[in-house]
Every structure is written in C-alpha cells, then in structure tokens.
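Look for chain A in each of the two complexes below; its partner is chain B in the first and chain C in the second.
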Partner chain A sequence: MDEEKIIVCRCEDITLKEIRDLIHEGYTTVEEIKRVSRAGMGPCQGKTCGPIIAREISKITGKPIEEVYKPSNRPPFGGLFFKEIVGESNEE
Partner chain B sequence: MKNYDILIIGGGPAGISSALAAAKLNLKVALFEEKEILGGQLVKQTHKFFGSKDESAGTRGIYIAQKLINEVNNKDKIDVFLNSMVLGYYEDGVVTALVKEKMEKFKPKKIIIATGAFEKSLPFENNDLPGVFGAGAVQTLMNVYGILPGKEILMIGSGNIGLIVSYQLAQVGVKVKGIVEISEKIGGYLVHASKVRRLGIPIYTKHTIVKALGDRKVKGAIIENVETKEKKEISCDVICLATGLMPLSDILNQINCKMKYIPELGGYVPVRDENMKTTVENVFVAGDSSGIEEATAAMLEGELAGLYASYEITNTFDKRINEIKEHLKELRKTSSKVVSGLKKLNLYKDFIVDSQKDLGKLHRTGVPEKEMIENIIPKDSNRFAIMECFQNIPCNPCVASCPTNAISMDSLNGIPKLDEKKCIGCGNCVAVCPGLAIFVVDKKKESVLLPYEFLPVPEKGEMVEIMDREGNFLEKNIVLNVRKMKDKTNLIEVKVSKENINNARHIRVVI
Partner chain C sequence: MKNKASIVVIGGGITGVSIAYNLAKAGVKDIVLLERKYLAYGATGRCGAGVRQQWGTKQNCILARESVKIFENIKDELNIDIDIEFKQKGYLLLAFTEKEWNQFQKNVQLQNSLGINSKLLTPDEAKNIVPFLNTDNLLGAAYYEKDGHANPFLTTIAYAKAAENLGVEINKGVEVLDILVKNGRIKGVYTNHGFIETEKVVNAAGGWSQNIGKMVGIDLPVYSERHEILATEPVNEILGPMVMSFSYNIYCQQTPHGSFIMGYGPKERTTSLRSSWQFLESMAQKVTRLLPPTKNLRVVRQWAGYYNMSPDHQPIVSKCEEIEGFYLAIGFSGHGFMLAPAVGILMKDIILEKKLSWDVVLDIGRFKRNEIIKEPSVV
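Up next is the complex of A and B:
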C-alpha cells in the first residue's frame, strides 16, 4: 500500500503518509494535526478527513476516538463575501 | 431583524415535517434550505419506502417529496428561504443566514436543527482520481439532473444506499460490475440485495477496495479479500462510495450542545431527550443530524420536534406527540444498531429489540437457500403468491393489498404468511411490495407473474429472456400478459417451463 497515494484531506491535498508521520512525531489529536498540516481547513471544514484522522490516531495510540477528536465550529459556517455582510455593491 | 416562532434549519424530510407540524398549530415558521429545492435526499430517492401503510409505505421517495413540498407551499404560516445558508446562532438568540447574497438576522423563539448528514469517505490508493464518486453525487447526477456518472461502475458498500443506488444505476443502463462489502454479511435490507442479484450483479462480501487504477481517470479497481488477502482486478470507469453517513453537526458544535460519539448513530450526535430537545435551551434536533436512520424516522422525528417546540410556546399539548413516540418505537423494533445507540443517550432504556436471525446464505449472498424457498411453496394450490421475504423489517403494504385477506402478519415487523386456500393469485401484493419480493406462480398455466421496473416494457406475445435469482439465463419464453401500473412497478406474466417455474425471477427484453 502506497500511503503517499492515499488522500485523507481532499481540500488541502494531505496524504495518509503525512498524517501518520505527524502522529508518530507526537501530534495526537485531530485539532493538533489540523494546526500543523492544515488538514480540515478547506471548504468542507474537516467533515471528510476528521473521522479518518481520528481513526488513524486511535489505531496508533490506542486512545478512544472521543478523546482525540472533538469537532468545534465557529460561525460563519460557509464562505462569505464582505459585501454580503456590509451590503456594498461590488462593481468588480 | 425578523421575528419567528420557530426557525428550522434544513428543508429535508425532517425539517419539512417540523415546519408542517408547527404551522398546523398556527405558529409562524421560517424554513431554511441551503439548496435551490426543498426535499433533501427524498428528491433523488426513486425507490418505494418500507414502513407502515399509514406512513407512506410503498410510496416512492420522489412522490413523498412532492407531496410534502406542496403542503409547505400551501401554508402561508411558513416562510421558505431557499438558497439560504444559516451561518451561525448566537447567545442572544439571533440566527444569521445568507439570504439572496445578504447576511440577514432572525430572532426565533425556538430553533430546530435538521441539517441531515455528510457522506463518509474511504482511504485507498489513488482515491483522488476523477471517477471516484460518493453515492449521493451519483444519485444527484442521475436522478435529479439526468446525467450518467459513467458506463461501468463498482459500488463500495452494501448498506441500503449501496444496494439501492446499484439498482437505480442498472435501471438507467449502467453496468454495475459488483458491490464490495467489507463485513461477512450484507449491510442493507436483504430484499434490496436480492433485487440486485437477480440482475446478475455480484456482491463481494469480506472484500475491500485497496486501489483505484488509472492514470488521469478511473479505469478499474483492485479489491482484496480481507481474510485470504487474495486480490481481484475489476475494470470500471466509476468507483462509487456508499460507506456510510455521519450526522452534520456544525451548528450543534458551535452552540456547545453536549455531544456524544456513538458509532451506531454515525459519529458525534447531540445529547437529547425523548422530545428531541438538546442540552441547549430552545434548541431541538431532528432527522439524520440527531443520528443516522431512514427517512421515515426522520419525518416522524421532525414532526415530534415541531409539535414539542410548539407546545413549549403555546402550552397546548397535542396528543399526536405520544402517538409519534409509539410509531417510532414500532419502526425501531428490529433496528438493534439504532436502539443500542439510543440507549447510550439514556433513551429507550427498557426497550427490547427483536433479535435478528442469521439467515445464512441469504445474508452472505442476497440469494436464499433452496430449502427456504421450498418451505414457502404451497403444496395443494395451482396459482399462488410466493413471498420471498425472510427478514424482519418494518413493512406491511402486502397485507392491506390482499382482497381476500390471505396475507397476515404478527406485527409491522413480522414476516408475511400466506393462507394458500384464500390466495386467488391476483397479483395485487406483487405490485405493492416495496422490496419486489413477491411473485405469483401458476403451475397449471405454467406462468410466473413478476414485478418489472425496467424499460422498455415488453409487449404481450413478445419473446423475452428469463433469469433466475442470480441473474443466470434460464430460457426464452413468451409474455402472456402486461399490466402497466401508475406507480411504474409494472406486472409481467411470462410463460415458464415446469422445471424453471420456481426459479424464474427476472426477465430481460431482447432488443
């Protein structure tokens, strides 16, 4: 199995190898991995990769999922233009 | 700032049902939907639903969606916001949403979160190749926009979504090369599995995908037996992932609802009470965002949340609330997975689930053992219905369809029993069965009446190919009768020679 050809985070193009290397370096929560690798910071906000990374950490460290993965979200949930908040017309 | 009694996030089956329930009690409702149409996943579900006859069982999801959307449009108490994404919910009770490219503020008394689910992905080599799809995308392309995802497809996952989408792909002429299932048993309802097996689609249990083949797009896949590690190459241009769903919980996380990780319910779910109330004041949840289940459960939960939130505003208790709770219990009577998840939320404490029997070969292949069939063939009758329905599932349309009361069932989750003396072989049950699991055999006439949901529909007198339960060719014979039905499950009566009469289960029109 070529871990470099397995994409875990589709938005930020991060492979299973990168994730496993980080876990072995000592980053053992989804939140930490997100901060060092950007996994989960793209448009889907970690919905695709979060559970996969959590499972990898759990497999390697033996810790339960609930301990290594606690999703937190902040508003706004979606991408937003400034003009949509302040109401100024955008003339391009 | 706009004021509402109840603000609902998500316009799928749960959200719509909440809106209708609250509007019935004359409350002012705002219904938010991110997409351009209401209906959620229902708008792509072309299969007939299981469930009780009282709750749209036997109706196709797309028609349920139409009915619900019409009801919403006829209620002036409901303001529908389409193409409108809710962006956040703040401590002062204000909800912000993007409406017509402008961020607007709303202040509701209660909010109901019915945001549905997100598809789980799967790590395997080259999983970023074009041609790797989620089952939701395949269904949207095919059933909403009329676009084929490809010509040859490999399905990963044999849950209900994997089985149903495979069947739909076959209906539109895509070659389904196989369904891959990692566990030793088929995950979805076995009648759905039998439906795809009849078309000649193999189900590879105890297998997983290890690699997608191809350079710039998918040209095939390598699957592996998880026990023997034996590999098999399958050529295809689409790999479709139907590997499960997880509740969509952005808003629940943002407002600090107490969440619990419960794998049986798909992942993190909000802690809630039996009235769908979360741990945050004035916030309710319904449908898949509270735990992955079927659409029927979502509609009931939505109605329950809508009625209970309304009760907290108006102080009038609708007795339908208790009725819904009973219906939900009946619906979950055989869902051991869902119920064990609910128990972890301290719900359904003393509830006992009917244990599901291991159905042997049927569970592993989608094809029943010869003995199982022989046991249900009436001995002293010439024309009779055969119900190849061996699994306890919440479904009963066949019972009500019988004009002579020949079909009986202990409960909604029971297995239908046929009184051969009363059965007149009319075929009504064949037409209504959502699992396409009933056939009428006539030994004297030497014919089999079967449900047929493919195009073209054969003509009376036409020669067709007759297939068995695994899609193997049995013989060519003549169509005796065609009954075209409004709901598109047509009935075909075909002549079958004596030796094949108990095995003929599908036909193919020769073009």
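Up next is the complex of A and C:
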C-alpha cells in the first residue's frame, strides 16, 4: 500500500508518510509529533492515531512500545458543545 | 553531548531557543541548549500564542513591537522555510468599566507615542469588526490591526532549527539536576547525562525557573500560576481578531486552522498541570455570553500550563548580580511567547556586554531600586 495514501490521523488528515518523515527528522515521541503535525489534536484526541504513531516510533527507533505510548487523555472526552454546558437559557 | 560549552541555555521553550539563536547569530560558538522533555513541552506548547502590542507600559510595548517586526519577516530572519502561521487580524480589547476605559485611553496614548497605531472604538465600531459581539454594557474598545497570533510549536522549531544551523547543540531529554558554583562563579551543570563544564548558564526554564535559581542558592522573585485553556473543533473563519476583556477575564480567538482557542486566569498557585471541569463550565458561560454563536462550537480539548509571574508582570531579562555567569530570562507573566524574539536579542546584548538594543529596564535590580511600574493590562 502507498504510505502517502494511508491516513493515520483521521481528524486532522495526516498520512503515514508524514508521520514516518517526522520520526526520521528526530521527533520520536507521540507528544512531539502531535505538536508539530496536529496529529491527535482533533475530536478523537488521538485515540485512533496515538497507538499507530507509537508503533511507528517503536519500529523506527527500536524503543519499546511501553516507553513510547503513555497517552494523557484530556477532558472533555469525545467533544462537548458549549450549548450542552450552558443550556439554552444563556441564548440571546 | 558536548562536555564543555561556552554557554549552557536551560529550557527548550520559545525563550531558550530565541536566546540560543541570537547568541549564535552574534558569533558565539559552542552553545549547548538543554531541554528536560522535548521542545515546547512547557508553557510555550500550551499557550494561546497571541501576539499583541497594546500594552500599558513602555517596555512591554517596545518588546512586543520589535518582536512583531521579527514575526513579520521570520523566514528572512531565520533563513528557514517554516511557515509559523503568523496571522495579523488584530486584537479587540473590551472596556466594561470606567476604570478600564480610562486605562485604555492612557494606554492608546502611550502606544501611539511608540509607533503602535492602536485606536479607541465605540461599541458600534467594535461591532463592525466582530458583528456578533454582545455589546451590552460595553463602554468602548481598543483595537490594533497589526496584533495577531502565531503557531507556537512551529515558531519554536523554526528558531531551534535556525540555531542548529548556526552550530548550537540542542539536547532533548536532558535534565539539569544541579549547577556547580565556586567562589560565586558558575563552573558547570550536572545533568542526567553527565557534567558539562561551562562558565555561563542562562535560566530560561519558564515555570520551573525557581528550581534552577535554587540550584545556585538564589530565591528568584517569581512564582508559577496554573492557567487553563481550551480548543474547539475547527469551523470556517468567523472571527478575525483576538477578543479580550480584562473584567470578564477572558481571551478568545480563532486560529488559521479554524479552531477557537480561549482561556482565562484563575490565578491559582497549584503545581498541578491538569485541567478542571470548573474551568470548562465557567468558560462556557463567559464565551457564549460575549460571543453568542460560540454556543454551537464543540470543545475538543482543554489543558493547563504555567504562567511564570514576576512582581511587576514584566519579564526579568538580566544577569544575576550575586553569581557571576548566571543569567535570567524569566517571569514572563503570561506574555512570553510574543516577546521572545526581542528577548533573545536583549539577552545576547547582556551576555556579550553590549549596549541594549532598546531603552528598556528589565534587570532584576529594579525591584530593589523600587523602580517598578506594574503592567496594568494582563489577563
């Protein structure tokens, strides 16, 4: 399969090739790749791409996967509309 | 990693990389930068990355103005082909109280005298800029169209790459554990990867800078506050400028990526870096009242970071009087991203004992001399 066409982060539309290039450039943690590429910053919070990116880092750098993948889940899980929080009462 | 350096810079945030770059550009060799985690791990990677020149003190105005000149031409300055996503669509500062409105009038006068062409707007004029702004109780606004926003990760990386191209050694995952001082002089730093002999150390450790101070036996007059912030799903562009209110205690803007970023200052001295539901709830109340269409935005992420606060809310860019070879670039009080390009130049001037590039007083001695003028316009 063509790594240019494989989407790793669906929220932010980032391909496997982009991820591999970043690892080769020296970005060897999931957190760094998130910061430079936005992978994992979308609504799913890296639940899908996080493990895939970690596996790539592990494969390329030889670091064990447990060392590479320590997700820090940040609220709100799954995404929340402001109106769900304030209710319609706050409507102008 | 080198075991000998002319200068060791501690901290791989925007301040550290800007200082390392400017020193290397001035011809200093064998600079080593140490970062405990990875570049932009600290406040830099967690900030709103707003860039505003509308300040209430001369020095903050000058530093911001000079930094914007650099942001505008960053590719030429750094000779690096990275788009830092610098967007100049202005800052709209809202006045809801007489006190704020009077302060804005003074601020705009000061800014104009320094070549920052900000202006005061009526509530109707503010609404022309942000049509869905709730102007209830609004007395007026201040606006400058050259303020804006940049991508903090990419800006840090651009500076870091430019520094590396000039020979700086950047080490990630290297933590400074202690500093060796003999007879009041810096002799080297101990790290988790060994000792580096050096006579000069720059403390650019942001929210952790107090710890670095302790390593040389100094209590620095700064402290860290946790500030929270959130981001929404991207939508089409509906908001040009950063909207900010001191009395609401909020800042909110839409990045070029389309997501909204917003935060406020709960002023907590906690060491936690986790975010809270209280923040989300109170933010939701504030932002939907001020900018009603935001109620249809979906929050996807919230996080927290440290503001490293100084007594007058202006940075400390200084040599340390007590310890020879120890330098400080700390206490950015929530606006260190936007000042970093100029701060890098000032630190270079100080270390190389040159005349300061601008007429600003940022040395640590100002607190003892009682020369402080407190920045009135912070969130």
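Just so we're on the same page, the second predicted complex is superposed on the first by the 86 of 92 C-alpha atoms of A that agree within 3 Å, B and C clash if a C-alpha of one lies under 4 Å from a C-alpha of the other, contacts with A are read in each partner's own complex, and residues count from 1 in each chain.
Keep this in mind: a contact is a pair of C-beta atoms (placed from the backbone, for glycine too) under 8 Å apart; a residue touches a chain by one contact, two chains touch by 3 or more.
None of the values given here were measured: they were computed from a predicted structure.
If you put the two complexes together on chain A, you find that chain B and chain C both fit without a clash. Rounded to the nearest 10, the angle at the Cα centre of chain A between chain B and chain C in the chain-A superposition is 150°. Shared-chain residue A:I52: touches chain B; no touch with chain C. By the document's definition of touching, of the two partners only chain C reaches A:F82; chain B does not.
Of the two partner chains placed by the overlay, only chain C lies in contact with A:V36; chain B stays clear of it. Judged by the touch definition given at the top, the superposed model places A:M1 against chain B, while chain C stays out of reach. Of the two partner chains, chain B is the only one touched by A:I65; chain C is not.
Touch criterion met: A:R10 reaches chain B, while chain C stays clear of it.
Taking the two complexes aligned on chain A, the least Cα distance separating chain B from chain C is 7 Å. In the superposition on chain A, the residues of chain A contacting both chain B and chain C are 45, 74-76, 80-81, 83, 85. Chain contact summary for the complex, chain C toward chain A: residues 37-41, 45, 134, 153-154, 157, 231, 233, 257, 275, 277, 280-281, 284-285, 287-289, 292, 294-303.
Against chain B, in their complex, chain A makes its touches with residues 1-2, 5-8, 10, 13, 16, 45, 47-49, 51-52, 64-66, 69-78, 80-81, 83-85, 87.
Per the touch definition, chain A reaches chain C in the complex via residues 27, 29, 31-32, 35-36, 38, 41-43, 45, 74-76, 79-83, 85-86, 90-92.
Interface of chain B with chain A (complex): residues 85-90, 96, 98, 101-103, 118, 120-121, 123-128, 210, 246, 248-251, 253-254, 259-261, 267-268.
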